[in-house]
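Multiple structures are listed underneath, in structure tokens.
Across the two complexes that follow, chain A remains constant while its partner is chain B and subsequently chain C.
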Partner chain A sequence: MLAHLPRRRAAAALAILGFLVAGCAKNAPQDIFRPAGSNAREIDDGLGGQKYIFILAGVVAAIVIAVVLFIIFKFKDRGQDIPEQTHGNPMLEIGMTILPAIILITVAIPTVAKIFNLAKSDDAACVVNVTGQQWWWEYDYPVQNCGGIEITQPIVTSGEMVIPAGVNVQLRITSRDVIHSYWIPRLNGKRDAVPGSLQPLRMQADQPGIYTGQCTEFCGLSHARMRQAVVALDSDSFATWVANQEEAYTSPTDALALEGEGQFISQCARCHQINGLTNSDGTPVLANPEQNLVSGAAPNLTNLMTRTGFAGFTFDLITDACREKLWNAPSEEFSALYLQGVWMDSPAGAEYPVCFNETALREWLRNAPGMKPMFVDPNNLSSTGGLYRGMPNLGLTEAQIDQLIAYLLERK
Partner chain B sequence: MLTTGSKLLIGATVVSVISAILFGITVDGPGATVGVIGLLSAAVAFGLIAGINVYVRDSNAPAMEPGVEHTCAAARQPSGASGWPAVAAVGVAGLAIGAVSRPVVFLVALVVVLAAIVEWMVQAWSERASDDTGYNATIRGRLLHPLEFPVLATLGLGALIYGFSRIMLSASKDAGRWLFIAIGALFLAGAVVVAIYRGAGKRTIAGVSALAAFAVVGVGVASAVQGQRDIEAHPAPSCLSNEEGEGDHGAPKAPSDTAGVYATIVLTDSDFYAVLGNWNGPDKIAYHQLSVPRNARVSLVFLNQTSEPARLTARLGKFGDAAESVECTAMVEADGEGYLSIKAVNVPLASTEPMQLQLGGEEAPAIEIQVP
Partner chain C sequence: MAIIERPSAVPTFAGAGANAPAVVTPTQGLGVFKRPVAASGWKSWVFTVDHKKLGIMYGVVSMFFFLVGGVEALLIRLQLAAPDNTVLSAQVYNEMFTMHATTMVFLFVMPMAAAFANYFLPLQIGARDVAFPRINALGFWLFLFGGIFINTSWVLGGAADGGWFMYSPNSSPLFSPGHGVDFWVLGLQITGIASLVGAINLIVTVLNMRAPGMKLMHMPMFTWMVLVVQFLLAFAMPVITVALFLLGFERNFGATFFNVDAGADPLLWQHLFWIFGHPEVYIIILPSFGIISEVLPVFARKPLFGYKFVVFSGAGIGFLGWGVWAHHMFASGLGPVSVAVFSVATMLIAIPTGVKIVNWTLTLWGGKLWFTTAMKFAIGVIVLFTIGGVTGVTHAVAPSDTQQTDTYHIVGHFHFVIVGGAVMGLFAGLYYWWPKMFGKTLNEKLGGWNFWLMFWGISITFGAMHIVGMQGQPRRMVVWPEKLTGEGFFNLHFWNQVATWGAFTIAVGVAFFIVNVVVTARKKERAPLDPWDARTLEWITASPPKEHNFDVIPTVHALDEFFHRKYEEVEHEDGHVKLMKVKTAEEILAEEEARADAHIHLPSPSYWPIVLAFGLPIIAYGVIYNLILSFVGAAIVLLAGFGWALEPSVAEDSDYDPPAGGDSTKELATIG
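Moving on, here comes the complex of A and B:
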């Protein structure tokens, strides 16, 4: 069909077709038109829903563009006489005022109702504090009954937030440094994280699965690498996850990992906390990120290997094959698969013998700013009073990295 | 025929192109690309200027019209002496003084020098624009008035405001009130007089206004030299006390901003508890522990639902040799509200003192602060 068109028109048609086809991607984890929870459905469905507004806006846009194009081509200067000049047409002007007003009112009434519905928190049965900083998210779970599961001591994690599926979870979002914005497109809209203020956002996932998002407020150098995920687990698996997070710290028994514990204390514990870790004299090892980082916080690594990503959920802790399997797992299999975490030795039922993405973690320990741009040049920290924005290159030797990896692999 | 200037620019263009080629061939490393781009950019710039220069014949008017250099407006003598060179000289002296004394002097002098250069340049240009002195003044005004008027108005108003503020700061609190009333009354009286006697000329009004402005600025300068009165600093409330102290006077007792509240702390006759902000869920709990993110400033609202005044005190830990971190509201009256912003910088395990919310100096009842 395109062959019959003049070359320019064919090119334009192809370009438009390209734009349209781009919307047909099946593997689009941040697709707002595939809601996976009640809040996202609230945004998507109904008269004030994005789907209908998108169609309505599309129709209006098509009509406006068609009229503009008609006028452009119809009245193109071909040397003809200037048409009769007229001024004012009350009926047309009144109509052109009333029609958009009616359209806007039609859209506004259900939209405002939706805003109020989304702001409700009466049915939220769990609460998670979400704190943003350059360039990662921290989640802490206060002591509570979270959707029927007792949390008996505060839990803190980062990158991916684990919630029980089918439960409305109330997020209380804030920031430690600049303004960020939290967005999981398939579960709800965006919400800014503002320092000193608390912004609520309700989050619910119908089925177990992983739902990803992206910081949507420009927040500095690695804004594009500030990602996040919500992991929904079935109730039993969520209880297992909570119990695992609350387990007491155990020192490694493996010799290499034991050396890694020492390396962690001397190299990493200035900023990163591992709950329960003690010095040789039995005193707790306590991180002091406020003395080293602008944000005053670094990810808590107590249960690092229960997560699937690191460095602001930018890099995978699990191999591509395991990631592919986990992300595409049917909802009934997802929770069990997620709870397996990162493994080196094949657990029962695991399809792959090794799931640990050692290459990425090793490279990160070797030169973190080489993987993710951060303000960590020790010679250029005058503007921050000597504080870093991110993880600097620690200059670790390969032997030290071996020890640290052996130690971190046991943090699950 | 090409002028000398055009030949020079064409030559520079050719040299830049050849240099870029040679640089690209001979130099390796990360600087090579930057160097080639720089030289090619220079070649493009020189080429552009050379083209314009050839087109306008190097602005060589005599080449196009012999003898015009003796008859054109630019050949005339300037109409009068200019004061801008003197201003520029003062500015340059200021630059030298500022370079060895204070940066602010240097910056002010720099602004003076730049302003003098611009004014002098435009004045010189406008005086040679035509034979008509009035027209020359008009085009100068068109260029510079949009800059001069706002700047002068800002400076004038700034001097007035600064002078007035110095007067108010040096006068005692009581005298300041009367002074404010007197100046306001004088201003009103002046406006009434002008409104009633419409015959007053513009010059008279401008003169009186200028005199008043000079008076304000003059007295302001004198007040600044005299220095401001002793201003009593409000002492901070005594957080570990249950008595209303001097620091509680004048302190805000109602939350100015209740949006984004992290938690509401409620004191009743029988309980002291926290309710999480922005959560009205079915599990809305009277918490006796409050989990606070580390190093993130959060805001609390204190509701005193008892019949006695009370103070909410946050003990945020004692770490190492540093003093204990304590923050508190002013004394909140019965059935009143208070506002408190807190930041926990470290975990309770690192503190040698309990981290908790309490009422003034009383350690119980308390709400435990948890920092995960």
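Moving on, here comes the complex of A and C:
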């Protein structure tokens, strides 16, 4: 019994490796063996690559297990004499020391080369500053030419990072509170966001598409609900996206949404910035998150409805069916679908977006800490001097929520 | 302590006169308290300094914490059995995985190895006790009180929630406002003292107290590996002690050692933690390597293949283990030069580790294999540790590691190493040495269930974790969402459930062990003196060993001394030489007893180790709640220190009787 079972294991292990190497379209979106960009491929391919080292590991384990099984059969006690009391064979042992050393050299040299290749930053055609805080990511695009597209004013967004496909984007990662880690498995390995230092990480996606990831350094209560995605768009669509982000603010015309603007200013603007929003007297409404939050930052909501997720990319702004459609869209159709966002599938001139996941956003406005655990109990903030870590329950009425939803729907 | 001869009558020395060697005569005048003298009942355990009793207590308490950590693991697996599950809240989940790791590492595997080291190291080197018996007792009580102290946090506002690695700044009072992290910091300081004093004690014991003729290269492999571990502990514990002090000061007295706002670097904590943390991995695994290096030769009826290679590879792992800590930090932004150096250094460790696996395999080759439960566990270690080892090499490759780190792939990897390697090895030790410790052999049939359920449970649970990790499921996540599960063969839903079923399979396996212990304790049948036809010195005495271990300190002539006393090469009529058993263990024991030492000196029990150890958690509670309490605790420590120093060096002669059944013609004296 001891014998045939490990052999089956070895066979299963090899089968699993085969599967992984071949890749499988239905695998989870964070499958680490499906590189979709040059950096992840550098990690995956060749000697010193993930695939090679996994196969090597599998083969070594299979050999050891096979030898052990053989020994178990061959040398079990069948009443033979007490064996000769041999104490070893130095030549054999030296050989068995040198052999793994040689195998490891074949891995070590390309590994070192890969480490330096992955650390290069001179080929970047775009820069995005990535800042982690409990429990969401902020992206800030400085004024630059990003892969041929002019960004003329800084763009601040969160959750999803939109980049042009096929372009090396240099991320500069840091944190405002604890250590987080930025990871998009199909595009590159992890890089920690350490407060007080800027960590470089290169991202490149071959094709338009959405590549999801999660924070992978334990960062406290809602670590499991701190997620992110990189959205790669074709060049034209990226230009459209940039232009849309830079569009000047216009107050809503719809009465309900206009009331929502007032609600936003009184309830939300303490922490959340909307660029261009003004008070009735024309003065700009400036968010003041450092007075309210430990991290000193809350997501900029200027173009909330251009995103597909919210609250640390944990909840969907689009319905499940629309998300499935978007995530599985072929790369040539993806960019256009993404730009439609919540308006995906809506007929032209429609009043209300078909794909809008209103339920989730309403629930969030009703009681955010009920959906995502956060340190926002007003009676328990002595350790932070009254500052929140996350979004508190604002106690909004249903009427206020209606107004806010109407207003936020226009942040597109 | 050194063994000091107590004169049985009037001391006479050759050339006695003005320059006669000093003879320490026990006096009662030095101390204010008497030594405890109970030879039975609870007092004989609580005040004992006997390494065997302390070893058993270490074992029992570690087993208890193993069950605690196991229940925590099962709760974690229940929570992760389904997407967006709600068995545990996010806060409780974070506390649960922090305490699971802390309990298993510091309160089970390390002290369980200490249990074996305490019990068997003196026996294996032919000593009657360890070098510092009272310090040995202190180590145990510190471990027990430290472990209880940490776990009281569950009922005092919640346990630590920062992960066992407790990265700064998430562990600062701003981000972890409860007292959990304080309990963790202070509790680990207390158990850390236990490890440190234990390390010094065992190093001195091995270096000074080996039986005559036992060269270092005649020592049993378990003793060797324990010695390497004690050196690792002696150098690693101070590092974590410093780190814990820095964190404790940051949390309790407003220090800013890791605070970015004050110009500090949170990565300092990571470096300190892993400079301790990586040697800790070898502290955990090497005792198990030592155990199976005893078990495999015994049941293969062959000496360990390449003894010297195994010794030096073990020492080599010990050295290299200091140069690889930053492989836990490949994603933290060290820069390519550091990453490359640590990546290659980590690969180097595979070489001595591979040497061990090759040597174990070749030990079995050509043997006459007897598949007892202990042997099954030992072979299980070779298989499971190899799997954990080769996935470890995939993490040594830094670019590849940046994909795998902090996913379940890593969790699967190190559980193969720690559960498949270290814990299975400890179970091999339990089955192998049980008859020596308790005079009864554990039931082999229940042992078979115990082994197979654990073997398959480990393979299933941690194998499945490799798969979900490669599908991108990160660790330390209270939930995994439905929308990231994927479809097809590798979907997270199925494999997370598999992992949960596997975890319960392990639990059932462990339950079989407990049943086995109860069944064995109730049976009348005594184990034979040498049930496994063993090879090393601990089997040259009675089972369980007498309080003084050996009636006469054995003189050692070779590696595997006991085997060579039993077996000799005998020439047959047909001329060829054959290895034959020429003596039984009973005959050898009888020979030894016949020439028993006239004076056997054992250390006296002491009140003070437990009192001193008790003061430390009181100091720790004081740091958390009220410093006045700390002064009370400090007073107890101080009092115990004085008591310790001033108590008489031995029990009053008339108070201390030789153990029942002892030979009254032999005088048993005790010294401190």
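In the analysis below, the second predicted complex is superposed on the first by the 354 of 412 C-alpha atoms of A that agree within 3 Å, B and C clash if a C-alpha of one lies under 4 Å from a C-alpha of the other, contacts with A are read in each partner's own complex, and residues count from 1 in each chain.
Going forward, a residue touches a chain if its C-beta (ideal position, glycine included) is under 8 Å from a C-beta of that chain, and two chains touch if they have at least 3 such contacts.
All of these numbers come straight from a predicted model, not from anything done at the bench.
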item	value
Partner chain in contact with A:72 - chain B first, chain C second, else both or neither	second
Touching partner for A:243 - first (chain B), second (chain C), both, neither	neither
Touched partner set for A:255, first chain B, second chain C, both or neither	neither
Superposition-derived comparison: chain B or chain C, residues of chain A touched	C
Partner chain(s) touched by A:197 [first = chain B, second = chain C, both, neither]	both
Touched partner set for A:42, first chain B, second chain C, both or neither	second
Which superposed partner A:114 touches (first chain B, second chain C, both, neither)	second
Touched partner set for A:55, first chain B, second chain C, both or neither	neither
Footprint overlap on chain A, where chain B in one structure and chain C in the other make contact	194-197, 199-200
Chain A contact footprint on chain C (complex, rising order)	89-91, 94, 161-163, 167, 169-170, 173-177, 260, 265-267, 300-303, 305-309, 331-333, 335-336, 339-340, 343-344, 347-348, 350-351, 354-355, 357-359, 361-362, 364-371, 376, 379, 382-383, 386-387, 390-391, 393-394, 397-407, 409, 452, 456, 459, 463, 467, 470-474, 476-481, 483-492, 567, 578-579
Touching residues on chain A, where the partner in the complex is chain C	1-2, 5-6, 9, 16, 19-20, 24, 26-33, 40, 42-43, 48-50, 53-54, 56-58, 60-61, 64-65, 67-68, 71-72, 75-77, 80-90, 92-93, 96-97, 100-101, 104, 107-108, 111-112, 114-116, 118-119, 134, 173, 177-179, 181, 183, 185, 188-192, 194-197, 199-200, 212-225, 294, 314, 316, 320, 323, 373, 380, 382-384, 389
In the complex, chain B residues that touch chain A	259-262, 276-283, 285, 287, 289-291, 293-299, 341, 345-347, 349-350, 370, 372
For the chain A and chain B complex, residues of the former touching the latter	120-127, 129, 131, 138, 140, 142-145, 154-156, 168, 170, 172, 174-176, 194-200, 273, 284, 286, 288-290, 295-297, 300
